[in-house]
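The two complexes that follow have chain A in common; it is paired with chain B in the first and with chain C in the second.
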Partner chain A sequence: MANNSMEAANTATQSVNTNTHTESKTMKQKKRSSQWTWYIFLIPSFLGILLFMVYPIAESLRLSFFKSNGTIETFTGLANFRTVLTSGPFWNSVWNTFYIGIFQIIITIPLGFIFATLINSVSKGKNFFKVLYFLPNVTSIVAAAMIFQFVLHPEMGILNYILGSLGLPTPGWFSDPATSKWGVILLAVWHWIGFVIIICLANLQAISSEMYEAAKIDGASGIQQWFFITIPNMTGTFAFLLITGWIGALQRFNEVYVVGGPNGSPARSIQTMGAFIYERGFTGFEFGIASAATYIMFIIILIFTFINLKVSKMKI
Partner chain B sequence: MRRGIYKKKITLFITMMLLLSFALVGCVPKSNSSSSTSKTEGKWAGQKIKVQMIGDFAMEDKTDPVTGETAKGMKVVKEEFEKQHPGATVDFVLMPWEGYTEKTQAMITSGEADVYQMPGVADFAPQGVLEPLQPWIEKDKEFSLDIFIDNQVDGWKALGTDSKELDIFGLPFLGDTRFIAYDKKIFDDWGVEYPSENPTMEEIAEKAKQMTGKNPKTGEQNYGIWFRGDWSSAFTLVDLAEGQNGTWGTGFAWDEVKFNLDSPEMLNGLNWLLEMQKYAPKGIVSNQGNEKWLSKDNNIAIMLNQGPGDTVKPAYAQGLGDRIGIVNEFKNDEGRGGLFAGSPITIAKSSKNKELAWEWVKFATSDFVQKFVFEEYGAIPAVKSATEWESVKEMPLMLPVFKAMETPMTPRYPWGSSQPRFILTSEIEAALTGNRSAEDALKKAQKESTEWVENR
Partner chain C sequence: MNNTMSMKKMEKITSIIKFLILLIFGVVLMAPFIWMVSVGFDRTANISMPFPPRLIPEEPSKFNYGIVFENGRLIKSYINSTIVTVSSVILGVSASLLSGYAFSKGKFKGKKILFIVVLCTLMIPMEPRLIPLYTLFNKMNLLNTYYPLVLPSIISGMLIFLCKQFFDQLPDTLREAAQIDGAGEFRIFFTVYLPLAGPIAATMVILAFIWSWNDFMWPLVVLNDLELQTVPLYLASFSLENGSSLGGLTMALATVSILPIIILYLFLQRYIIQSIALSGVKGE
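Up next is the complex of A and B:
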């Protein structure tokens, strides 16, 4: 009787174990199958990335070793890279890209930070100023470039009208190679500053007020607080703006294309690397040269971003 | 259980794919393309062609932003073609001028259409993607090249894959030309005689000089002349050289092209432009300073290198049709000179319905389509009969346009959309902005263009 009950108990335990084992197995299977379900959701975007990013990148690399007009192709090895690297207009476009980029960044980040600090310190109308400064950033750069052509018109432009009224010289802006880059810099600063202000404001609002209170107790002045509390707490944001700003600046194309066309008129003075690639690829059917220039531009951006990361000590 | 999950997965997958397909289909703008199912009756039963067209064309009726008039859609043309060719179906791919070169390249590479409007025919013919049209012309007894305005067929001749002789790969569809336009009111205000039909550089320079300053009647600042110092300046300069019996160089196939960009005629032409800059408003190298042109407050007397699309219809739309005059660009002693422009139509070599494609080519160059695109879209006809149309007679400015279409340099400049054009343009800009002397600029353009041809 006792043996029987023992056996029954053993059988029950075994059955429970088997059930638990089966259940845990089913749970695992369920988990795995539910994981797979989510991969199905990823297929459309994965296909998109594969077709519209991975394939063009690979195809562009292949094309850079060919002389190609789109249909007829001849393998030329590294000749396209040699042509680009020995081309005067290419290095001119590199110079233009960096010139415009450097001044855009060294003007916009400090200016945006100062504006953000001022907006942060006002008690009323904060949101109004945020909207006001952010508006240019949501404006299409193509439309903004067209408007700037009127603003910087050498004879009828409002800026030259103001400068003339103040007795100052009136530059030719986009009609003079000496000032055309500054026209683009003004446009770029105007367009980007709203973004810089918003990012800086977000960081400013995250700095603990206790730090300022402690500094005040220690007798620190407003300027001292700004230099020794605010700025050191902003380094992460500055690094972020520096890196994203540089990547955007090195890819600059839209506004210079609207203002100066693919050859960066006048006299290639605002032709950027992006415009150089467009000019060779899409106006002259030199797809091999354009692809090689694209990869050289990619390497330049890669090296420069690496240097930026080191300089700004930003962790990614 | 497993089967249930499997079924769910499949259902989910199919739903996702359907959603993606709907989204993609939904992204295709209805007005820019048309598609129809094949018909089963008639001489051309089941045959279907796809026609690519560039410009402001639309399938449905639309309002012209300049004139405010409603333009009929291309569906009218489609219906007429299908009526004339029972059983046939024509579909359209309509695209804007922006980026048309790369779009055409992508389309022709993938065999997307049967017939293409193709200003860059000289670049595509050597790729072997176009059908030579001479055999079709010879075979078709009803068709004659005499219908086209003189010089138009020659202008579009191009070199095939291995050919050394120019051949017909495209027939004129839309006409275009370059001319000198002027404002009669400003001439009258200054008491200056209108330019002659074939003006010389000296005549234009003298008149431009006379009409620069305060207008004696209105007191407004007037400028004697305006020209684009950037985008099209290479064509303006080459025309100036041609006006002195010079040339840009010789050859058509790249291995035969020899540039002559630093010739005395080119140098004289560039120095002339530098001189003319004194009588032009500021901003010519950034396409600025001409904002008042074709308005009642216009302040410019003479406009070089103008096209009919930006002049004729806008002038009438502004009520200035009688105030504007048109004369020829600078011509050589044979009466030739200036950029050959416009749009031919071509048949893709990959077309599966070449007979029907040829029918479309004939139809597109017929009076019906030529008149339709002129009256509805302001596109310039390429056929001689246009001078007899009432709609053309209502716009007398069209007559000098047709005259100007007869005398540009043909064939089309082979470097017109390649690096040498941009090299020359940049150097003209450098000279106009004082960055280089005219001589140095042209020498540099000659050197760089020659090197480019040698290395390509």
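Up next is the complex of A and C:
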């Protein structure tokens, strides 16, 4: 009964039960005061949201209409956006970001999924492989980029040694603008695949075994089960990976900064949007231009997130 | 009879093949690490990397590792990273537990809208906030301190979301019983629900730890003081200075910087993998 009266007080309809008038009045007062305590629970988070989310997003929009170096500001209207949108290096950075991101995703998601199903199907060593495959993802991408500069070293690197001994061409990787993006893609695949595998595994194990049993009775082979039960049941997971992967790819900065510095050497071939913004904002101190660029990037991210959500028909 | 025998045989063979494929690809994934440790023990690698690559250096030496420890900057950056990460985790997890609980069990006006605001923060990347936050902390004279690294950790949409989901699974009857006893909302939270939140708190700590420990762009912007560098910052500055020269030293440095994290990971692997999976599965 007490439960009921609480519920009733909350919807402010006191007609449901047998409470006397005075009782429900104290209930109402209690409810009002407890409403306020709930807001106290939220204060730390919303202070953070205001100060570190809302304010900077608004201020960044304002700044993008000004020419600014942090101290002197002059209103310039849309000039910053014009500068960015007509800037060769900016579009180059967009191209680099998309190129690396697209290949990272179309390689890692299918590959990770295949390995996840393999791990899921072995009877021994399931956990061992899970731990092993996730290891690269645990190491910071900065340290990984540091190692990969040597792994992909054109003359002394381990990969080119293997390629060479197999009689395959040995690219210059990070030292050649034509192949440097593929160096970053390799690093990204290596680093991200563990994450893809873990997410796929978690969702593979959530598929009900009854479906497989029914298929087995109907005489479906392992491959058939994979195509007609596993893959259709994983579309939500692929969508999730596509979205998180793509958002992460659009924000790529750490590894390209370590390998190529703020301007994405060699020859700006691996400068991503994030690196372009960093270069303009914090080596050139062109705050207005950098802000305009961040807004363009922000809009690109939002557009692609919505497209991804639509394409994959995600239920949030 | 014969048929089922051969079926069994086939199954066994495919499972062995699967195992071998996984093993080989696993070794490929581990190769950079294995090579890293090996080159770190190779003193001559600073002049030219050992070629062809070999697993055991020609003249194994602790020289590179010695330098990494003598230099002291890596150790210093470890201490810095630890201070920053521990403070960020405490701040972020406490704030998220409070608001995640309120969004789950609370009944107040604007709950839906406020929760949508929280979910929106998930879509806001760091880049558009970089410059205003930099100027904000600059005006407060807090650049080159740990405050700009720690304070923004107070808000994490993901942590709040995971926390709300967890409390949603706990029954409301617990609060109602305590309420009859006259307990206020805070007492109910701290004495009834918080003690039950161990599993989700562990997940939140792990996720917040990983984010904070690996954070790079924002620390790069606000910290110029070498004394305050976090581990990723120190590694990046070392790598940018030396590029692909000083191979032995670089690899020794990378090894020492990665190893503690790997050891931590091996101890906590079950929880870490669960946490990552949870953030992915629930993130759907």
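Here is the rule we use: the second predicted complex is superposed on the first by the 297 of 316 C-alpha atoms of A that agree within 3 Å, B and C clash if a C-alpha of one lies under 4 Å from a C-alpha of the other, contacts with A are read in each partner's own complex, and residues count from 1 in each chain.
Convention: a residue touches a chain if its C-beta (ideal position, glycine included) is under 8 Å from a C-beta of that chain, and two chains touch if they have at least 3 such contacts.
Keep in mind that this is a model prediction, so the values were computed, not measured.
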item: Combined model on chain A where chain B meets chain C, clash or fit; value: clash
item: Partner chain(s) touched by A:G172 [first = chain B, second = chain C, both, neither]; value: first
item: Partner chain(s) touched by A:I102 [first = chain B, second = chain C, both, neither]; value: neither
item: Partner chain(s) touched by A:N263 [first = chain B, second = chain C, both, neither]; value: first
item: Which partner, chain B or chain C, touches more chain A residues; value: C
item: Touching partner for A:I72 - first (chain B), second (chain C), both, neither; value: first
item: Which of chain B and chain C A:F282 touches, first, second, both or neither; value: both
item: Chain B versus chain C as contact partner of A:S121, first or second or both or neither; value: second
item: Partner chain in contact with A:H153 - chain B first, chain C second, else both or neither; value: both
item: First (chain B), second (chain C), both or neither touched by A:T83; value: first
item: Chain B/chain C common contact set on chain A; value: 37, 41, 44, 70, 149, 153, 155-156, 174, 261, 281-282
item: Residues of chain A that touch chain C when the two form their complex; value: 2-3, 6, 10, 31, 34-35, 37-39, 41-42, 44-49, 51-53, 55-57, 59-60, 63, 70, 115, 118-119, 121-125, 129-151, 153, 155-158, 161, 174, 190, 193, 195, 198-199, 201-203, 206, 236-237, 239-241, 244, 247, 250-251, 253-254, 257-258, 261, 273-274, 277-278, 281-282, 287, 290-291, 294-295, 297-298, 301-302, 305, 314-316
item: Residues of chain B defined as touching chain A within the complex; value: 1, 5, 8-9, 12-13, 16-17, 20, 99, 101-102, 105-106, 108-109, 123, 126-129, 229-231, 281-286, 288-289, 291, 417-419, 422, 425-427, 429-430, 432-433, 435, 448, 455-456
item: Contacting residues of chain A [partner chain B, same complex]; value: 26, 33, 36-37, 40-41, 43-44, 67, 69-72, 83, 88-89, 149, 153-156, 172-178, 180, 259-263, 265-268, 279-286
item: Chain A-touching residues of chain C, taken from the complex the two chains share; value: 15, 18-19, 21-22, 25-26, 29-33, 35-36, 39, 48-53, 94-96, 98-99, 101-102, 106-109, 114, 117-119, 121, 123-136, 138, 151-152, 154-155, 160, 173, 176, 179-180, 184-186, 189, 210, 213-214, 216-217, 220-221, 231-232, 235-236, 238-240, 243-244, 247, 250-251, 253-254, 257-258, 261-262, 265-266, 269, 272-273, 276-278, 280-281, 283-284
